[in-house]
Structure formats: C-alpha cells, structure tokens
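In structure tokens below, several structures.
Below are two complexes that have chain A in common, paired first with chain B and then with chain C.
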Partner chain A sequence: MSATVNVSGSIRRRLLLQLMGSAALLAALLFLAVLGFVRNVAEESHDRILLASATSILESVSVQSGEITADIPYAALSMLGNVSDDRVFYQIATPAGVLTGYADLPVAGPPVQPGQPLFQTARYKAESIRSVTLFRRLSVEGAPVAVQVSVAQTRSGQAALLAQLSWSALYLGVGFFVLASGLAFWSTQSSITPLRSLTEAISRRGPKDLRPVSRPVPSEMSPLVSSLNSFISRLQTSLARSEDFIAEAAHRVRTPLATVRAQAEVTLMRIENENKRTSLREMIRAIDESSRAAGQLLDHAMVSFRTDSLELEDVNLTELARDLAERLQPVAELKDMSLHFEGQETIRLPGDGILLQNAVRNILDNAIKYSGRDSEVWIRAVCRGGCACIEIEDQAGGFKCEDTEALTRRFVRGANARNTTGSGLGLTIAREVAEAHGGKLIIENSQTGTGACVTLCFPLH
Partner chain B sequence: MRNALLSLALTFLTLATLAAAGFEVEERHWIGPQDGTPLRIISTTDTAILAPLIESFLQKHPGTAVDYTVANSSEVMKAVLKGEEQFDVALSSAMDLQTKLANDGFTRPHQSAFTALIPDWGKWRDHVFAFSLEPASVVVSAAGFRGRDIPRTRQDLIALMRAEPERFLGKVGTYDVALSGLGYLFATQDARTSETYWRLMEVTGSLEPVLYCCSASMIEDIAVGEILIAYNVLGSYARARQDLKDKIIVIDPEDYTHLMMRSAVLLSGGGQPDLAQRFVDHLAYAAWSQPPGAEYPFHPPSAEFIGAANSKRLIQLGPGLLVYQDAEKRRRFMAEWFNAIRKQ
Partner chain C sequence: MRFLLVEDNESLANAIQARLRLDGHAVDHAPDAGTACAFSDTTDYDLILLDIMLPDGDGRSFLKNHRDNRKETPVIVLTARSEVSDRVGMLDLGADDYLTKPFDFSELEARCRAVLRRRGGGSSNLRRFANLLFDPMAGTLSSGGKTISLRNRELRLLEVFLNAPDRIFSKSKLVDRLFSYDEEVSENAIEVYVARLRKHLAGSGAEITTVRGLGYRLSLE
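Right after this comes the complex of A and B.
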C-alpha cells in the first residue's frame, strides 16, 4: 500500500538556500565594509605621510637677512619614496609668488588657519594627485608674511595597494561565504535529523505494530507526533473493529444457516410428497449457496485485511498442500473422486500461511465442485523456473474460450457454473493472495484437454 | 676589425647642426647604416665606451642606426626640457636629473623580462633603469706619492693637505658642481652623508683648487702630474685607463664611498618608442645578466655591490634626489660650496 505522496519543496533545501542567501549577503557586506575600511586606512596613512613631509618642509622655511628662504630636508621627499614609487611634487609660495618648486601645482583653495592642513585630490601632469597644503606666518622686517607649503604625490602606488587589498577583502568575503555555507549545510543536515530518525523508526515497524510513538522528539515535532499517535490509535480501533466484525459475522451467519440446513434435512426425511421434497431440496441448495457465499465473502474480507498488512513467516508449501489434500479427501470421496497429491521436495517460502492455505483451498474446492463423479484431481507442489508452484489439475472439462483473466474478477463465474453453488470469489481470493506474495495466478486448460489447470506461482528469491 | 667597422660607421656631424640644438654638444655620431631608422640617444657617456654595446644592439636589429649625442649631464637635462630636438633615450650618470625627468613626466614607463633582471634598488617606477654601478673615488698621482703613505680616508686627505699646504697648492682638483651634474650629485650626497666633507672642502678651498667639468680630464691631469689629488672622480673611468695604470692610484675612501648608478630613461617625446624599449632591454640584459655580456664596458654592477665593504654607500634612486634639484636648495648649496672652495 504505497500511495504517491504529494511532495512540494524540501525543508532542508529551503533552509539551506535561506542560510546560504544570508551568508552571501553577509559576505558581500563584509567585503564592502573591509574595502571601505582599508580604503580609509590607506588614504589616511597617505595623508599623514604627506602632512609629515609638508610639515618638515614648512619647518625649513626661514627668514635670512630679510629674505624668505627654504632648505628642504632630504627626508621630506625621500620619506614619500619609502611609501611608494610615486611622483612627488611640492611648492613653497608666499603672497608675493612661488618661492620654489612646481609653480603650476594646483594648490588647495581658500587659506585656512595656520597649522591646519588642507587636503585635496586633483589632477596634475595627467595624473591624479593627493596634496596637502600648510600655512605658517613668518615675520619679515616686522611685517607678517604667510608662507604656504604644498606637497603632492601621485596615487598609483595607493591604487595598486588598494587593488591588492581589495583582492584580500574579496578572498575574505568568499572564504566567509564558503565557511558559512559549509556550516549551513551541516546545520540543515542536523536540524532534519530528528525528522529522519522518526521516519526510520516508523517505517521499520512491522505491519501489526500500531503502538503510539513514544521516542523523544523536538518540541516543533510534537504536534505532528501527537496527531500521528491519535491517527494510529484510531486506525488500531478501526482495524480491531473490522476484525471483530468479520469474526462475529462469520459466527452469526454460519451458525444459523447450519441450523436451518439441519432442520431442512430432517424435514426432508420426514416428508414424502415429491413436490414438497423438491422444494425442500431447492431450499437446502439455496442455503448451501448462501452459506458458501457468506463464507467466501468473509474469506475475501479476511484475505483483503491480511494482505494489507502482510506478515511473512516461513511456510512449508509442500506440507500445506499435502495437509489440504488430506483434509479434502473425504469430500472428494463423497463424490467418488480421487484426489492425488504429488510433491517430493520441501518447498519453503516466506508468506502468510493462513492466506496461502485459503488460496489453495479455494482452488481445490472449485476443482472438486466442478468435477464429475469418478474423475480425478491432482494437486502438485513443484519448483519450476525459480518459482514455487502449486498446480491443481482437474478433469472438469476446462475453460471454453473464455477470458481466463475475467474469471479472477469478483463475482464472475465460468460458463459451467450454473448448476453449482458458488459466489465467484474463489479465484479472486487466490489471485489476490498470489499477488500479495509477489506471485501470480495462472489459469489454463490442462495438457490432456480434459480439464483445467490452475497454478499458483511464487517467485523464490 | 671592430675598430675598422666602427670608424667606417662613425660620421661626425658639422658643428653648425650642433649649435642649432640649443644645448652644448660634446660629440655626435651616427652609428650604423646611413639609411637606417635612427634611434636617437642623448648621453653623458663617451661614445667609445658604449660603442661595443651599441654595435651589438645594431647587429640584433638590422636596418636601424643609432644617432648618439654626447653632452654633460646638465646639458642633457636642458636638451630634454627644451624639447627642441626629440630623443628616444637619455643615458646619464646624474641620477638626480634622471629622477627629475621621470618625476616631472618626461619619460615613458617600460616593463619587460629584461628590466625584471634589474634589482629593485636599480630602478624607479619602471621609468629609470640603472645599468652600471660606479664608485666616486679619489685618484692620486703615483709619482707624487712615491715613497709616501697613500691617503685612505677623507681624514687622511685633510691631514695631508693641512700638513703640507705649499706642496698641494693648485694641485688639488675636483668637479665644478656648477658645470657637472654628476659633480653636483656627488657633492650633495657627500654633504648629506658627513660633516667631514665640508671640512675637506674648506681645506681644499684654501689650496686654490682646480675645478673640472669631467672625470676624464681630471684623470689626464693626474697622469701628467698637473695635479696630485683628484677628489670624487669616477673610479670606473680611472680603472678603465689601463694605459695610465702606473701613473695613477685609484682609492675608494674607506670612511665611505658613494656608488653612483648610470641610468637610462625612455623619453616620452621620442619617435621610436619600440626601438627605445629594445635598447633599454639590451642595456639591462648586458648589465644585469649573469655573467654580463662581453661587450659590457663597466665593472659588473652586481659583483661590485656584492663585493662591497661596509664603506660602500649606494645612492638611492627616489624622490629624495629631487631635494637637491630644488632651485632654492641648489642656490643655497652652490653658494655654500663656492664659499668654501673659493676661500682665498
């Protein structure tokens, strides 16, 4: 009983995708944050060294015999060379004009407070430069003169450093993402573990095991498990009820019928009027038919019930067939028929003994029922082509061009069944049992052509 | 055989064209086929010294010629700044001027497998490429110092000149820092390195020193006994003069000896940028491959540096060199220097 489950999505996949999406978002944010941070640090450190250079140049500006003069320290420019191989420009200017350096260097805008550096980014000689400008007031012959020093450096070294740091930041981001994804995979895996172990525990159960689930489960799963438990308990009640009903029904139907039949037999012996006798015989025949039909219907209900939850045990098929042959021997003898059992080897297979017995008995019943007096019925237990087979062959004329498949449908009876009691359920039961065991029912005419041969085949694994 | 080839290939240009250049040219040669594509090089290095390197370059690149102009380093700078004549490559011993050219945007960058051979301290910004390492040495007359102690340090020189002023009067020579860019580089580096330099210049100044434009003439004058001591001479030139081996003594001062790097830059105004790059590659390979090419005229730079004692001080390429190119700084330094050297 494996109905297809309507599957829509996967908790694990959804969880994994959500976690990985968050990880990707965080990794991107991390990358941008680190990038912004290193850009700041790189710019700040560049600004600082420019400022140091400008400060030391400004310190070297002095007034000598009424003239402003500058003696740029070697370190002022060489320190810029230690940072990167970038081009260096500078300018020392007074309100009167440029004292020395690069006269056309773009200098930061409005004057600021003395000692306050003014940073700017500009273009000079076809390159982007970062510059700092500092002011200082000197006294020349009693008059204050503002001296302005600018130091600039191209930024290709900084750009190269930033590019390198960007790669590091990118690796950091990617590394974070990979690690987080790994952890996400692990955590989704572990979060569905209770679900998986519950599933395993339930599928491992035998068909009759209808105990409620008692293993500890996470709180999120407790509504599901309690629903499942209540479902199981309802199922158990329902099953028990059906089982009781079948047993009860069998008892309640068969017993009164048997009583009525016995009464009819007794009455038949007492009555001499031929017309009445005929009516009574008809009545007995009807009772037989009802009794048999009721029996088969209950058998069928039982078979359906058992095949739904098939419990396999080791069954000795040969023994089972021989038993049945012995048990039905008296019935056969009543009709002056001979019932032969053939079976040498012991054939064992996993199966439900009661069901198998029921199936074989139904076929055998049919064979005996439709056979005439003095005919013979064979029951054989054989192994053939990897299958365990029970063959029942009779001399009742066989099936005449009928759809043998149709005979196994419920309540369908053969052409020769008009004068015989029966419900048309015998072969249906046999087929359902065969199929529940993974086998099949084969209906054909016997090789001699005098009767039918019905075979139950079970594959041996 | 090679000399014959060279003399055939060399063609002196007329002085008329030299004057038109707007800067002072010492010599100018056309090397290679007359109709070859010219690579224009302006250099402070004498033609004869670099000729073998140029010839091997021309062999590798048939159909090209080299238009080789020699000028002193200040004139090289002037030629590039004025830009009246376009050159492809500038070779100079004045590291500060080469650095200034590269800093002020007159050069092109270049990177290749050959420039990768140059150690990091031998290049700046992939614009300046060193191809030699040469010491600033003291050269003294062998005859003048026969039987006497050879000065080993600047202190020795000072003591020597103080002890016998009359013997060295008018017999001491050094670069004229106003004329020679290399002389100015050596002087400024000396001044930066040690106070001893100024004492040495003071003493020298009291002896009516002779000021020179170039190392070659200082070496010649030592050899003929015109002067006894020449300070800050290119040791590489002096040692290369095998013919004067017995007449001059080359000393690398033990207190410190500056190592100068002769360097090449690719000028952005040049008309043959590809050829210029290949020439720089050729120079770099000749100088820095192990061992250097047979046509390489200088002492192998890597060996020079590896074998250097602690007293050897490499002049670092970098923006620090721009400081002494500052007009104010230069004016002050010149004033101070001439004040020391012209003290009568």
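Right after this comes the complex of A and C.
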C-alpha cells in the first residue's frame, strides 16, 4: 500500500538556503567592513605623511633680516615620493601673498589655530588631490605675520592601492562565503541524518511489525517519535480488536445457529408428520444458508484484513492442495463423489498459507457442492508457463454462456445456484487472495466440456 | 461408539447428545476443560468432540495436555470461530480434524469415520445381523467371510437399517439421512439405493422388504 504524501518544501533545502543566505550576507558585510577599514587606514597614513611634510616645511620657514625665507628641506618632499609616484604640490603664503610654490593651489580657508592642520580633498589640474594646510605666526620686525604652508598630492597612487586592497577584501569575502557554504552543507546534512535513519528504520519494518520505535533520537524529534509510537500502539489495539471482533462475531453467530440446526435435525428424525418434516427441512436449509453466508462474510472480512498487510512465508502449494483434498474427502464421499488429487513436483511459493488455503477451499467447496452424485472432482497442483497453478475441475455441467468474470464479484451467483445454499462470496475470496499474491483466478469450462475448471495462477519469479 | 463431548453451550450439547444417541452412540458430556480431563482420565473413549471456546480456558490447552500425556483418543475440534484465523493452529496442536459450527451430522459422522479409519483402529462394537458382519467405524461389511464393498450412501443406508432392524423407515426419512438438505432429490432416488443394497445383501440371510405405503425395513429372510 503506498499513499501519496503532500510534500511542501524540504527541510534540508530550506536550512541550506537560510545558512547560505546568512553566509552571503555576512561575507558582504565583511567585505564592506574590510574595505572601509582599509580606505580609512590608507587615508589616515597619507594624511600623516602630508602633515609631516607640511610640518617640516613650516619648521624651515624663518625670518632673516626682516624677510620671511623658506629653505625647504629635501626630505620634506621626498618622503611623499616614497609613498607613490604621485605629483606633489606645495605653497607657502602669507597674508600678503604667495611666497613660493604653486600660487593657484586650492587651499582650505585659514586654519582656526596655529598647529591645527586642515585636511581637504579637492580637484587641481584635472586631478583629485589631497592637501593639508598649516599655519604659524612669525614675528617680523615686531609684527606678527601668519605663515601658511599647504602640501598637496594627487591621489591616483592611493586609488590604485585601494583598488588592490579592495580586490583582496573581495577575495576574503568570497572565500568566507565558500567556506561557510561548505560548512552549512555539512551541518544540514548531519542535522537531518537522525530523521533519515528513523525513516529508514521504519520503512524497513515488516507489515506486521508494530513495535514502538526505540532507537535514540534527538530531543527535537522526540515529540514526533512519541506521537508516532502512540499512533502505532493505537493501530495495534485497533487491529487486534478487529481481529478479535471478527473471531468473536463468528462465534456469536455460529453457536446459536449450530444449536438450532442440531435441534431441528433431531426433531426431524423423531417426527412422522410429512408437513412438519417439510417445514423443518426448509428451516435447516435456511440455517445452512445463513450460516454459510455469515461464515463467508466473516472469512471475507478476515481475508481483506490479511491481504491488506500480506505477510509472506514459504508455502508448499502441492502439500496444501493435497491436505485440502484429503480433508474434503469425507464430504465428497457423502455424495458418493470421488475427489482426486494430482501433483508430482513440489511447488513452493512465497505467500500467506492461511489465505491460499481459504481460497482453494472455497473453490473446492463450490465444485463439490454443485456436483451430482457419482461424479468426479480433480484438484491438480501444476507448474505451467512460469506459473504455479492449482486447478480444480468438476463434472457439474460448467458455465453456460455466462459472464464468468461477473461470478467473482461479490454476491453474484451462477445460474445453476438456485437450488444450493451459498452467499456468492467464495469466488470473490479466491480472486482477492489470488490478486493479493500477484496472481489471477481463471474461470472456464473444462476441455471435456462436462464441467467447470477454475484455476488459481501465481507467477513464479 | 463412545463419545466424549466437550461443549459449554448447554442447549447445543443437548442437541448433539440427542442426535448421537439416536444413532446408538454413547455420549458423555463435559461442560468445561476440567471435567473433560476427569472424564478422559477415567474412561476410554473412541472419540472426543472438543469445542475450543470453554469457560475455564481454551480448548487448545486441553488438546495440548491431551497430546502431551500421550493419549491416543482421536480429537475432532468443533469451532465456531472464523476458519481463517484458527485453521492452522488446531491441526498443529494435534487435533485429528475440525468442523465448523453449525455442522451437518452426516458430515460429523463421515469425519469420525475417516479419523478412525486413519488411526487404523478396528472397531470393538461390530454389528451382526443374519450372516452380516458390519464394522461401523471402518465402514466395512462382510457376509460369510466375504467382504462386500459399499459406496458411502449404501453404507449409510445399511447403518440406518442395522441400528433398528424390523423398524419401518419412510422414504422421506431415508432421504434425510442420505442426502444433504440442500440437495433437491425425489424420493425415487431412495429406490435406486435400496435396489443397490438389496443386490449386495443377496444371500446374506438379511433382506430389505418394502412395506407398501409406509417404507422399507430390514428383516431376516
């Protein structure tokens, strides 16, 4: 029995996507943080060098004989050259005018206090520059003069460095993402392992294995497993109850019927009045009919119950047929009929012995029931065309242009059934058992034309 | 024959006893497994009829006990449970045969006979009439040392007559004994069997005479 499961998403995929999503987000943040940090550090160190350069130039400004002179030390500019090949600009100015350097260098407004550097990014000669401006008060002939020194450098070298660092940051982010994804994959895999092993343990069970699940599971799965266990135990109780119910129902129905039948038979032997005898006979017939119907209904319930959870064992089909033939011999003899068993080889088959026996028994019962006195019935166990077959042939006249397929339907009885008791479930049971075993029931007239031949066929693998 | 009937349903037990006694059998009735053990320990029975649902335990335990004590008396189980669920267990535990309730008495008789025949036991209560020697268990008849082979219905017909020699049996009574109730048979069918039996009995000193308008009876020639 396979039932379709309504599948919505997959825990594994969901978990994996969530973990990879988080990893991607974290990688992006990492990339941005590293990039920002690197840019900051680069700018700061550049600023420091600019400041050092400006400071050393400012130091070199002095007043000599009432004139402001600047002797720019070589190191002040060469230290900037160490950083990159960028062009360096400077300007030394007083409020009176530019003393030396690039006069048109964009300079930030005068710093608020002496010694306080003022940094600025601007455009100069179609290039982006970074500049620092410092000022100092000198006393020229007793009057204070503010000397302002600006040093600037283009930023293309710094930009190249930054780009290089950005690539490194990107590699770092991607590497982080790949590593985190691998870990995510591994951890999702390992976190659903208990689920998978539980599934395996349950699906490996036989159809009648209704023990509770006892393997250790993670605490998150314990509610699931405990409800599964309670479901299993409820199922077990209900199965046992229905099996008991069928057996009990059979007992309750059959015992009083047996009493009535036995009493009627005893009475029939004792009384002489022909009218009363006729009614008693009718009564016994009715009892037989109802007990047979009840029996077959209950058998049918039991058969459906067992075919639903078919448990296979090794069945010796030949022996099963021989036993049944032997068991029904007295019944056949009562009608002066002969029941012959034919079967040489041992045919083995995986199946439910009780069900197979019931199926063959029902067919054999029919054959005996519909046969007249002094006729013969054969039961054969044969292997034919890759199939294990049990064939029951009688001399009861066979089927007359009837829909033989219909006879295997519930409560459908043949045209010759009017004078015999029965419920019409016998062939249904036989067919259901055959189909549960992957086989089929074949109903046809015998080759001699004197009777019916009903065959149970089971494919041998 | 001597039967032990183990059956807890009082009215069913009464009916079975009455029926078996009508055929000339002796029957002891035990309503539970305990009484059944006591009976089977003290008396030798030809056959035990055992119901499997008993008030003081499963008939199966009686059966197992019976077999464990190496008692040879054959047991036929009467079951009212679904055949599908019980069938195999019965024979595994050592029942010789089983019968599902309600059952036909002729089938019970036939099964008893088959079981006894399988066990190979000769009968202790042979019946004699004229030169006839009839073994009801084995179902054999001989006349003056010569074995006569009878078909089942001829045999049963003879048994009915032998159980009450000189009694007149109407055709309809004989029909009831020979045919199952769901068979449509005319009373003329009896004439066929009576004729066959007469042929077998020729020269045995016993004969079946027709009592016009009443039926048949077995009498000495």
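Details
Methods note: the second predicted complex is superposed on the first by the 411 of 461 C-alpha atoms of A that agree within 3 Å, B and C clash if a C-alpha of one lies under 4 Å from a C-alpha of the other, contacts with A are read in each partner's own complex, and residues count from 1 in each chain.
By our rule, a contact is a pair of C-beta atoms (placed from the backbone, for glycine too) under 8 Å apart; a residue touches a chain by one contact, two chains touch by 3 or more.
Bear in mind the structure is a predicted one, so any value in this text is a computation, not a measurement.
In the model built by aligning both structures on chain A, chain B fits alongside chain C without clashing.
Within the superposed three-chain model, A:73 lies in touch with chain B and out of touch with chain C [touch as defined at top]. By the touch criterion defined above, A:125 reaches chain B but does not reach chain C.
Taking the C-alpha centre of chain A as the apex, the lines running to the C-alpha centres of chain B and chain C meet at 160 degrees, rounded to a multiple of 10. In the superposed model, A:331 makes contact with chain C only, not with chain B. When the two structures are aligned on the shared chain, A:101 is found in touch with chain B, with no touch to chain C. Using the contact criterion defined above for the overlaid structures, shared-chain residue A:85 touches chain B, although it does not reach chain C. Between chain B and chain C, the partner in contact with more residues of chain A is C. Here chain B and chain C sit at a least CA-CA distance of 95 Å once the structures share a frame through chain A.
Touching of chain A by both chain B and chain C, each in its own complex, is seen for no residue at all. Those residues of chain A that touch chain B in the complex are listed here as 69-78, 80-82, 85-89, 92, 99-101, 125-127.
In the complex of the two chains, the chain C residues touching chain A come out as 9, 11-12, 15-16, 18-19, 22, 53, 78, 80-88, 97, 100-107, 110-111, 113-114, 151-153, 170, 172-173, 176, 180-184. Contact residues on chain A toward chain C in their complex (touch as defined above): 243, 246-247, 250-251, 253-255, 257-263, 265-266, 268-270, 272, 274, 277, 281, 284-285, 287-288, 291, 295, 298-299, 302-303, 306, 327, 329-331, 333-336, 353-355, 357-358, 361, 369, 373, 419-421. Within the complex, the chain B residues that touch chain A are 102-105, 124-126, 192, 316, 318-320, 322-324, 326-329, 332.
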